[in-house]
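Across the two complexes that follow, chain A remains constant while its partner is chain B and subsequently chain C.
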Partner chain A sequence: MKAGIFFIILVFAAVIAASLLLGPSVINPFALDGTTKVILFSIRAPRVVVAVLMGAALGASGAILQGILRNPLADPYILGISSGASLAAASGIVLGLSVFGTFTIPVLAFIGAIVTGGIVGILGWRRGGLWPERLLLAGVGLSFLFSALLMLLLSLSTTEGLRRATLWIFGDLSMSDWSIMPYGLLFVAGGMAVSLWRAKALNALILGDELTHSLGFSPHRERFLLFVAVGLMTAASVALGGMIGFIGLLVPHIARFFLGSDNRLLVPASAVLGGALLCVADLIGRSLIPPMELPAGIITAIIGAPYFLYLLRKKNVLSF
Partner chain B sequence: MILRLKDVCFSYEKGEGFIGDLSLSVGEGEFIGLVGANGSGKSTILKLCGGILKPLSGGLLLWGKALHTYRNRDRAKLISYLPQTLDASIPFTVEELVGMGLYPYDIPPAMTTDDALAMVGLTEKADAHVTDLSGGEKRRTFIAMTLLQGAGLLLLDEPLANLDIKYQIELIRLLKKLREERNISIVMALHDINIAMQFEKVVLIKNGSILGSGPPGDVLTDDLIRNAFDINVKIVRNPHGRAYISYEDNF
Partner chain C sequence: MLKRSAITLIILVCSFSVPCRAGTPERIISLAPNMTEMLFALGLGDRVVGVTSFCDYPPEARKKPKVGGMSNPSLEAVVSLKPDIVVMTTDGNSKEFEERLSSLHIKTYVSRARRIRDLARGIRALGAALGVKGRADRLAADYEARIKRIEALKPAGPKKKVLFIVWPDPLIAAGPGTVIDDAIKIAGGENLAERSIAEYPKYSLEAILRDPPDMIVIGPDMREEEGGAIRKLARGLLSRLRTLPAVRNGKVFYVSDDLYRLGPRTVRGIEELRKVMEH
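== the complex of A and B ==
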């Protein structure tokens, strides 16, 4: 266990260092000049921070949702939050909106995510609480609806709008700068704080509502708090850089393999691993064929899926 | 008296009565079998006792104080409830799961996870994944969690279901031993009348009401069992005087 924690922290530190220093031009941190300073602090550092925030939000949200929905196949996008965000952001891009200046697209995405999360919450609500099956079905249903509307929008839009919207949807970290970071950090940190505060209750929720109650928690209250935390983190993540698939689903399983299933450890570990994985994916995406960049979301799936399938061959990664 | 239910009424759907004017009390160190057919209301009664369901009317007193006035965590130190189906969709280890019994406490009580595992004989399985256990081991894992929780009243919903006869006997022996060692009270729902025959006290339920309560010899009679289960049975005794149920008709 201790070795596992140490290993994950070590990997994280190494990945951050590599993401800052490596790329199309390799930077020597002990011999910085004007140009390399700009590359390091104005281009790479914000990008790494955004990748860490997004990856952390998705990894942690995935672990939490797999718990509250009692479904190891759940991921943050299953609630439809990302589809709502994508639809709102793509509408903004295609229609050329600029109501919030440079923040227009992230703000639209965030609003889309929160509104969708709210609708899912309302549909999932019955008799004084949120019910896992209802949340899941409402999320899947809305996801289909918003995806269809998104396709419709894209099929009606101009080539340039289509290209920009598609890039955004795939997860584009290249536009990262410091200005939006405090907002992202606020929501991700807030969501993480709630999740860590309620991590014991999350463990109990996995055993069912009756045992949650028996262990001294109110299942509906706990599920609501955690749902809000996941909603905020996922919304912030999508607003920061679009949709990154795979991390929310598989990082929690990888973290479980090293550290076990206790959410007090699993949630932060999934956050750290999610952040690290997205940094690696982004590093690969921008280094492979410069100056062209491959979207990080595609890389996460290409490197993560085979590793996950390898883990699947070992015992106990999944419960079935 | 640990728990007292007085004239408790409950229904799942509006207007339809299910549990009607139920009165029941559980004393210290009592081991009560709640017997009845499927759908008779055993689980509902246990959930009412545990505060999971709230009665429409009537009173539930835990140590003389209304059950619903307890904070969740304080109640969890006094009552624990185990549902019939025990499942973990996420592969916790046995140790992780048992350790959850300490969640109601800021300062853990004297008992440790290792002690609880030793009591149910699962010390060697501490690192095993719950999802890999047999039905009997899984049941014992959850019992160990309940023991660690340290409540004086255990509400067990059909803990013998899905266990073969050997595990059923082992589990009852374990619970009896625990009751003697720690003076806990146990209320257990079951539908196997032959096992209920060996309890000290049984409560026979039909349609959410109590048909009879007391020692099995008084409650599990031909007439009452026929009434409760709607089948044609006869109580027979073996040469040692132990009572069994015999089904009278051919299948």
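== the complex of A and C ==
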């Protein structure tokens, strides 16, 4: 187990270094000139930070949701949070809103995500607490509704907005900028802190509400706290760079293959793996056929899914 | 290859079947914005009875009945407008839709013009098919003469490297095989993005810093009612590229969307680009 953790940290550090120094051109950190300095500090570094934040938020959120919903197919997008965010952002783009200046679209996405999370929470609430099945179904229902509204909006819009909205929905790290980072960091770190603080309770929740009680936790309170943490992290991730699939669903399973299902380890490991995977995917996306860039979301699934299937075949136990 | 020969065959069939009919079609539907513009330029605006929801130029085109989008027009809407001919393009309309129309015995004209070198030929063929050959010949001759004039006026000094940004956030550049790429070359410049694989690549910021352009052209800066939306949207991009000589020396220009479609405005677009390149 110790070796596993050490290995993950080592891989993570290597990935960060590689993402910063490799790309369409290799940067020698000991011989920086004007151009390479700009590339390193204002183009690559913010991308790497956004990739780590988004990947970590999605990986950890996935692990937590699979726990509180007791469902291996749960991911941060199943709750409709991303559909709500996309709908809000696309509406802003199509209507040409600019209420929050350059932050308009990320702020709208964040608001859309939080409002959707709130509605799912209200719908999933019964007799003083959140119920896993209700949360899941409310999320799926809302997700369909918002996706349909989004499609409707895009079919009705004929202007440049359509193109811009579509590009946004595909997820994009290429325009990552330092200015938005503090807010993203705040919400992701806040959500992560709550998750780690309640990770032990999450272990109990997986065993069922009765056992959770007898272990001294209130299932309703724990579910609520974790749900809020997931909502914040997912909302921040969508606001930072749109939708990136795969990480929230399958990275926690990959982490489980190696580390087992103790959430005190699983949640941070999923975060680290998610961050590393998105970094690698972005690195490949911008290095493969320069000067053209490929969206990181596509690469994530192309390299992640076969690896997941390989593990599925190789390891016998799908522990959950 | 097979697809291309199939398209050629269809065009041959169409161009044989259409001009045989005497006179000009009375009811024309256009399924592409650039074809709509050509129809109006040929003086056939009054006969256009249906357009797509993307057909926004000339302004009169907006008032025409809509039959849906370019890739998904409504067959029912097209049929109910009882067209004598439906004008389409291989660049955006589907072959399946053309086949459906043919199976319903609705005549089609499919233009395969994609590049600037096809422009004059394309408008001549369209004019011939629609019975306005004289007018089409005059327009085509005008385009050819103006393009020649621009080509003759090659700017002095070394070729300028131009980065044409068709959308600033995320950065989408005009790559090889596009009308814009042709226009840059006709205007005597070099397209920075010509080595890209895609026609409209999402372009790497790093690559721009490594291989800096002499000038940056940003589009589409056009609609007054949008209040310079593109300029606002490009602000973030330009601040990221602020160390570039082109940005520091004010070699950033905004142009209209004249080059975004292959049609009657294309030559005006090349002239606009040529003028900008004099700076």
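To be clear about the criterion, the second predicted complex is superposed on the first by the 315 of 320 C-alpha atoms of A that agree within 3 Å, B and C clash if a C-alpha of one lies under 4 Å from a C-alpha of the other, contacts with A are read in each partner's own complex, and residues count from 1 in each chain.
Rule of thumb we're sticking to: contacts are C-beta pairs under 8 Å (C-beta built on N, C-alpha and C of every residue); 3 or more make two chains touch, one makes a residue touch a chain.
Bear in mind the structure is a predicted one, so any value in this text is a computation, not a measurement.
Once the two complexes are overlaid on the shared chain, A:Gly67 sits against chain B while remaining clear of chain C. Touch criterion not met for A:Gly129: it reaches neither chain B nor chain C. Of the two partner chains placed around the shared chain by superposition, chain B is the only one that A:Leu215 touches, whereas chain C remains out of contact.
Within the superposed three-chain model, A:Ile289 lies in touch with chain C and out of touch with chain B [touch as defined at top].
Contact residues on chain A toward chain B in their complex (touch as defined above): 66-67, 70-72, 200, 203-204, 206-208, 210-211, 213-218, 256, 260-262, 316, 318-320. Chain contact summary for the complex, chain B toward chain A: residues 47, 50-52, 72-77, 79-83, 85-93, 96-97, 100-101, 103-104, 129, 131-132, 149.
Against chain C, the residues of chain A that register as touching in their complex are 23-25, 34-35, 38-39, 42-44, 96, 98, 102, 155, 158, 160, 163-164, 167, 172, 174-175, 177, 286, 289-295.
Put simply, chain C touches chain A in their complex at residues 53-54, 56, 69, 167, 169-172, 175, 193, 195-198, 201-211, 220, 226, 229, 232, 235-237, 240, 243.
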